[in-house]
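Each structure below is given as structure tokens.
Presented sequentially are two complexes of chain A, the first with chain B as partner and the second with chain C.
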Partner chain A sequence: MIKSNSTSLKLLKLAKYLLWIGIILSLVIGILVFTGSQAVKSMLSEESQMANWVTGIVIAVVGSLAAWLISFLLKSFAQLVQDTSDIRNGVPPRSGKTVAEKPLLQRMSKYWGFYLMFIPVLIFVAIFHYAPMFGIQYAFYSWKVIGDPVWVGFANFDKLFKQSQFSVSFWNTIEFSVIKLVLNTGLAVIISLLLNEMVSLKFKKLSQTIIYLPHFMSWVVTASVFSLLLAPSENGLVNQLLIRMGVLDKGIYYLADKGHWRTWYYIINLWRETGWQTIIFMATLTGIDPGIYEAASIDGAGRWKKMFYVTFPALGNTIITVLILNLAKIMNLFESVFVLQNDSIRRATNVLQTYVYYQTFNAGASADYGYTTAVGLFRSMVGLALMLICNWASKKVRGRGIV
Partner chain B sequence: MKRFVALMLALALCMSLVSISAFADDIKITILVDGTIPDQNNGRDAFEARWEELHPGYDLEIIQPDHSAYYDVMQQRMASGDWPDVLILSSTYYADYAANGVLWDMTEAWENGQTKNSGRFTGDNVFEGLKIDGKLYGFAPTRGNGCVTYIKKAWLDECGLEVPTTYDQYIAMCEAFVAKYGTYAVSAAGFVGNEAPFVNYLPEFYQDAYPYFVQQEDGTWVDGFTLDSMKAALQRIQDAVAAGIIDKETLTNKTSDARNKFYDDRFGVFTYWAGTWATNLKTNLEANGHDGELVALKPLEGLPLYYDRVPPVWCITSKCKNPQAVFDAFIDTMLDGGDTQMLFTYGPEGVYWSTEGGFHMLENLEKAGTNYTKFHIDPMLALASFAEGYYDPREESVKPEAKAASELFNNNSRLAAIVPATDVLSELNGELTAIKSEIIADIALGNITVEEGYARFAEEGLELSNEIVDSLNALN
Partner chain C sequence: MAKQETVKFITPAGVEVSGPPHLNKPKSQYTAFNFVNGFIFVLICLIILVPIWKVLIDSLDLTTGYGMKLLPTKFGLDGYVSIFTNKSLLQPLWVSVYTTVLGTFIGLLLSTMGAYVLIQWDMPGRTLFANILLFTMIFSGGMIPSYLVMRGLGLTDNPFGPILLPAINVYNLVLMRNFFEGIPKSLFESADLDGCSPMGAFWRIALPLSKAALASIGLMFAVAYWNDYTNFKLYITNRDLYNFQMKLRDMMQSSDLPESVGSATENTIRNACVITAILPFMILYPFLQKYFVKGINIGAVKE
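And now, the complex of A and B:
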């Protein structure tokens, strides 16, 4: 009979007690705060503005989770101590598990070098990606930067759903993003197919370079260039061409007209982004087995048939992947809209991010950051939902998720 | 004996060090500034050293975020509770922060201060405009400056016209320019500005109209956009755009676009900043091969004066431990008529200016080939002259056209009013401003009539406007 390691047993007991003590303590404090016990609340924070019930729930949940985590870590450590002791005693580890089946801490101790290298990244992500998420709480406050935030519960969300500009901005975000996505992906596929059919390598490379270049122009420069091209005066190239061709009698102010603005917004996006999107399709096309083309040729397929029956199907999976990946990002629309806006069409073309911008910076000094945070939180929630849908769709289509 | 002397010397050294450290406990002043104080690449450290030399016993700590991010950084600091002793604020933040108890009330300190009682101070009207509920929370060393209308002299001469003095003459001049040169006469960056005083780029067309909240003589507040004067102004603008007098692209022009068109000789009447910009416009026109002579237009007969922007102000925060000392040392010496005013106006000697071979400004440390023109205080806008007998190098450092434009503006301008902050204003004004700007743009471009514009306003914006007006009147 091999004796159990005493340290391991003590650690297991400690883990058990800590778990229950932690959970009970968290629940008791949480309930006291929930019921409004000022004595407990003042012990926690004298300046806390958070409502009692929220603070109580937060304390109970976070405290219990912390207790569970500490208990889990202790248990894992106890297991590690026990297995190490067993090995030293010349017997198989008591847990009898493979490395992959062993507790997290044991696995971590085996690959500690990798985890050490991971620490800087973890710290970076924690500080710059997760810590700022505490700011989400301001969605439930009215906060004008100076003075203390005032708890308003769901009032900011109530307000945003009543604002006509919010709903216009929300639907614009969806509309612009989806149409842009479909147009850009469609044209990128067509251009990729055409580039793939080019015989002259030099001309192909030149064409690729020319269509990639606009992507590297900043949106501000792009907007300036198109403002000039689309100007209603004699300097506007587009209007001048159309007038000389007899299509128009006088210039149209495209960027000041609600109808024309949308059309040109899509065109400008196509011009700037399509080339860049062809890269991924071109990469897929170069990966197609030449043997398939040869077999198709032997079977008597011409150029068009090879394109339709070999090339295009080979792109199918990539097209769906690109669509899915981009669908998850459709709420992130700001710069391309912002730089092309002007007073005349701003309200009709606002997207959620420009709406937040104007609510913040047009308000004068004391914008309500609570309200704009609520809009941002809503946007993030929609983005999260879209991402989960995309993940599900990706699993269905590709057999694996995107997260 | 040697040991005794050594011991005594060591003891004396220790005592002197202790006494130095005891007296070296300077009063520290933390100031948060934007780019109106030149940065470290442009002699800020030399400025700081010279200021501390002029004010022994004080330690100046300058915090200077990037100019374009100044108000973001400032708000973050205020939100975190890490307030500086002194900070620079624009008019909107000034009114808001004063209303929210962020700023120290300097009324009494100012009334008893040396600048106010020096006999050199000329900015009483500016400081009256800075008062909120009769209290002063900020100090402006200069006027805010504003825009004057410049007309190309060569265009006037070629059309055989005199400088207009009435609105009818002004319109006739614009029509003559349109007819002669086949282009618009006036261009600007936007049909309406996005900050006070909003109408300063098209003053001849807006005249007495103002699209923001204004306080009437009886003290009540009203939305200027709802007044008949605004409707008349929008009709004038629509007519002028339709007649080809105002550039249609004013809607999408940025300030640089408008300037470049002016430099390219594509229009002849440009309302832009007074002072040193008069020189900039002239030199750029000449650089483009055009006649650079400009006439600064006096306000037309019967029309109100140009708007003088509310100047950015230096404020002391309510968390400052010793505000009176900070006021006395930092604020009240900025226009002392002597060395400190010289430092704030022309910068540190040897970096910004030199007297070798007569007073002259030195070459810009970042832009080779150009000279510095000022440090923080624009000499033409300063609210106090130098003390009698103190050498003022203004004559040597300011170009005649800039001086003329500045004097014309100073003699023909009125201060734009500060609108107090209310919660309702901050909650609704973003949306209301967007509605007003859209209506102004649509009327200007002729997409809708003035009546249609105001019908839209009644439907979409009037309720918001009334709520804000009520909140402002509730302050009375």
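And now, the complex of A and C:
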């Protein structure tokens, strides 16, 4: 009879209970707030006139996620204790890991050098990644540039959902990144297929060198190059070209016009990133066994049939992987939009990150760290949800997660 | 059914097979498809290069109106002379250089040490460490809490802010770990038997065996630091601490231009600045390209 370690069992149970209690508690409080219970409301704040439903949903989501995180950390620790006791009892560890047959502390002492090496990494992660997570609390405060934070409960979220600028930024974020992703990936696939068919190896190498090049220019440089190129004056190449061809009478200021700005945003992204994206597709294509192509040509398949029946199926998985990986990160959009914006079209082209930036650093004395933290928290939450969905999708499609 | 004529021949892969005779013909390189394909790539390369070429020739042109042309009409280096004789432009260049050098060094140190610890599969707590790192990839505090933390630590308006913050890069750390995993375990085991400490094995075995990965990841760090704009924009307001990207952005947006030397116009100096920002990299790029491609392939294709 295998004896289970009681400590680890207790820990596992605790983790499980904590998860459920946390989720149920957050749901209950969420529903109470959702339905407008006076008791809960008075606990939160008096002066905040919050939309009950928003507050309810936020409490439920934040609470459940916190519970999940805590139980997740507890579980990893319980696993460790369980493995150790399994070894001590002379059975193979249930997690399937092989561990030396020594008590935990003794095994840890063998690795003291490694723990020492990991300390700098832990310090950096703690300061630059985990410390800001504690700053999320300011989403529930009002914190003007001058003065101290004041607790306002969910008033910031209430304000946020009423701001038209916020919803414009949110939908812009989705629109820009999804269209950009589809265009870039599509073109990258086409270019890699053509590149793969190239006969002259020297020319192929040269083409690859050139198309990877723009990726290494910073966004500031890219924006500078294109603002010079798209200038409305006689110096702008694009306007000059169109005028000489007789398409235009007078130069257009492309980057100061809503409609044109979007088009050029996608074009600039294509110019900069498509070449670099071909790397991953090229790696897949060169990884296809030439024997398969040979077998296909012996069976009488021509260039097109080989492409349809051999190349496409092999590429399919890579395309899905690339889409999933990038979909998980779409909320991070910032620098590319930021450097291409100018005052005249800023409101129409803001994404969440640029909205946060301008609300905080360009709003003078009316800037409210609390409010912009709330916007940031909303962004992080959507990002986290996307990550989890994509991770799940990735496990389904290719058998392993993305992180 | 009519019997098909078959011939025996050896395929490029070296297998002897028999099949219809058309397969035995050597393929011509000069087919219409290859011609069109080559043409498409000439076009693509031109689309990529024309914007850069345009900026390059304008930076060497001293006339006022550029228009469309392939070579400068009035050639002169005054644009570059204006940059390199002006303190307000040399200072940002110097900031860019030292943040890149210091940041790349610290970044590489952290990534290799972290990665080396993460390949100790039997180490108690390894999974916990890995999870602590991976969690930062799926959730972050956001821009403003980060700013408040940096401000609290005195890292705003301090060149160490933009040096230290990007130095911990979990993505690069995972790439490095993937590479270390390829080193045979027996090497570390025999080092252990010979009395080599973990730190000793790190310096004498892990690092010397991963020079290619160090080059790839070091280059990724270097490019990220040289091109860094976001962190400077967020954490630096003092103009003396601007890096070259910040300065370039300022110059493009306003008429905050340095005094011109000789007959360099505003536009010539702007173009010259763009070229200066990409020049160090452009010179090195053809030699280093393989390391970049290798870097992305360590992480992305490994299944």
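We take it that the second predicted complex is superposed on the first by the 271 of 403 C-alpha atoms of A that agree within 3 Å, B and C clash if a C-alpha of one lies under 4 Å from a C-alpha of the other, contacts with A are read in each partner's own complex, and residues count from 1 in each chain.
Everything below uses one rule, namely that a residue touches a chain if its C-beta (ideal position, glycine included) is under 8 Å from a C-beta of that chain, and two chains touch if they have at least 3 such contacts.
These numbers come from a predicted model, not from an experiment.
Undergrad: Which of the two partners, first being chain B and second being chain C, lies in contact with A:195: first, second, both, or neither?
TA: After superposing on A, A:195 lies in contact with chain C but is clear of chain B.
Undergrad: Which partner does A:255 contact after superposing on A: first (chain B), second (chain C), both, neither?
TA: first
Undergrad: Name the contact category of A:339: first (chain B only), second (chain C only), both, or neither.
TA: A:339 sits against chain C, while chain B stays out of touch.
Undergrad: Taking the superposition on A as described, I'd like to know which of chain B and chain C A:211 touches: first, second, both or neither.
TA: second
Undergrad: Should A:144 be classified as contacting the first partner (chain B), the second (chain C), both, or neither?
TA: So A:144 only meets chain B here.
Undergrad: If you stack the two complexes on chain A, which partner ends up touching A:128: first (chain B), second (chain C), both, or neither?
TA: second
Undergrad: Can you tell me whether chain B or chain C touches more residues on chain A?
TA: Residues of chain A touched, chain B against chain C: more for C.
Undergrad: Which partner does A:227 contact after superposing on A: first (chain B), second (chain C), both, neither?
TA: The answer is both, since A:227 touches chain B and chain C.
Undergrad: Report for A:109: first if it touches chain B alone, second if chain C alone, otherwise both or neither.
TA: A:109: touches no partner chain.
Undergrad: Which chain A residues are contacted by chain C in one complex and by chain B in the other?
TA: Looking at chain A, the two contact sets intersect at 227, 342, 360-361.
Undergrad: Going by the contact rule set out above, which residues of chain B touch chain A in the complex?
TA: Where chain B meets chain A, its residues are 75, 78-79, 92-93, 95-97, 100, 102, 190-192, 194, 247-249, 251-252, 421, 423, 425-427, 429-431, 433-435, 437-438, 440-442, 445, 447.
Undergrad: Using the touch definition up top, name the residues of chain A that touch chain C in the complex.
TA: Where chain A meets chain C, its residues are 69, 72-73, 76-77, 79-80, 84, 97-100, 104, 107-108, 111, 113-115, 117-118, 120-122, 124-125, 127-136, 138, 191, 194-195, 197-200, 203, 206-207, 209-214, 216-221, 223-229, 234-235, 237, 240-241, 244, 271, 275, 279-280, 283-284, 287, 290-291, 294, 297-298, 300, 303, 334-335, 338-339, 342, 353, 356-357, 360-361, 369, 372-373, 376-377, 379-380, 383-384, 387-388, 391, 398, 400, 403.
Undergrad: Could you list, by residue number, the parts of chain C that touch chain A in their complex?
TA: Touch residues, chain C against chain A: 11-13, 15, 17, 19-20, 23, 29, 33-34, 37-38, 40-41, 44-45, 47-52, 54-55, 58, 65-68, 109-110, 113-114, 116-117, 120-125, 127-129, 131-149, 153, 164-165, 167-168, 170, 173, 197-199, 202, 223, 226-230, 233-234, 245-246, 248-249, 252-253, 267, 270-271, 273-274, 277-278, 281, 285-286, 289, 292-293, 296-297, 300-301, 303.
Undergrad: Applying the document's contact rule, which stretches of chain A touch chain B when the two form their complex?
TA: 144-147, 163, 165, 227, 231-233, 253, 255-256, 342-347, 358-368, 371
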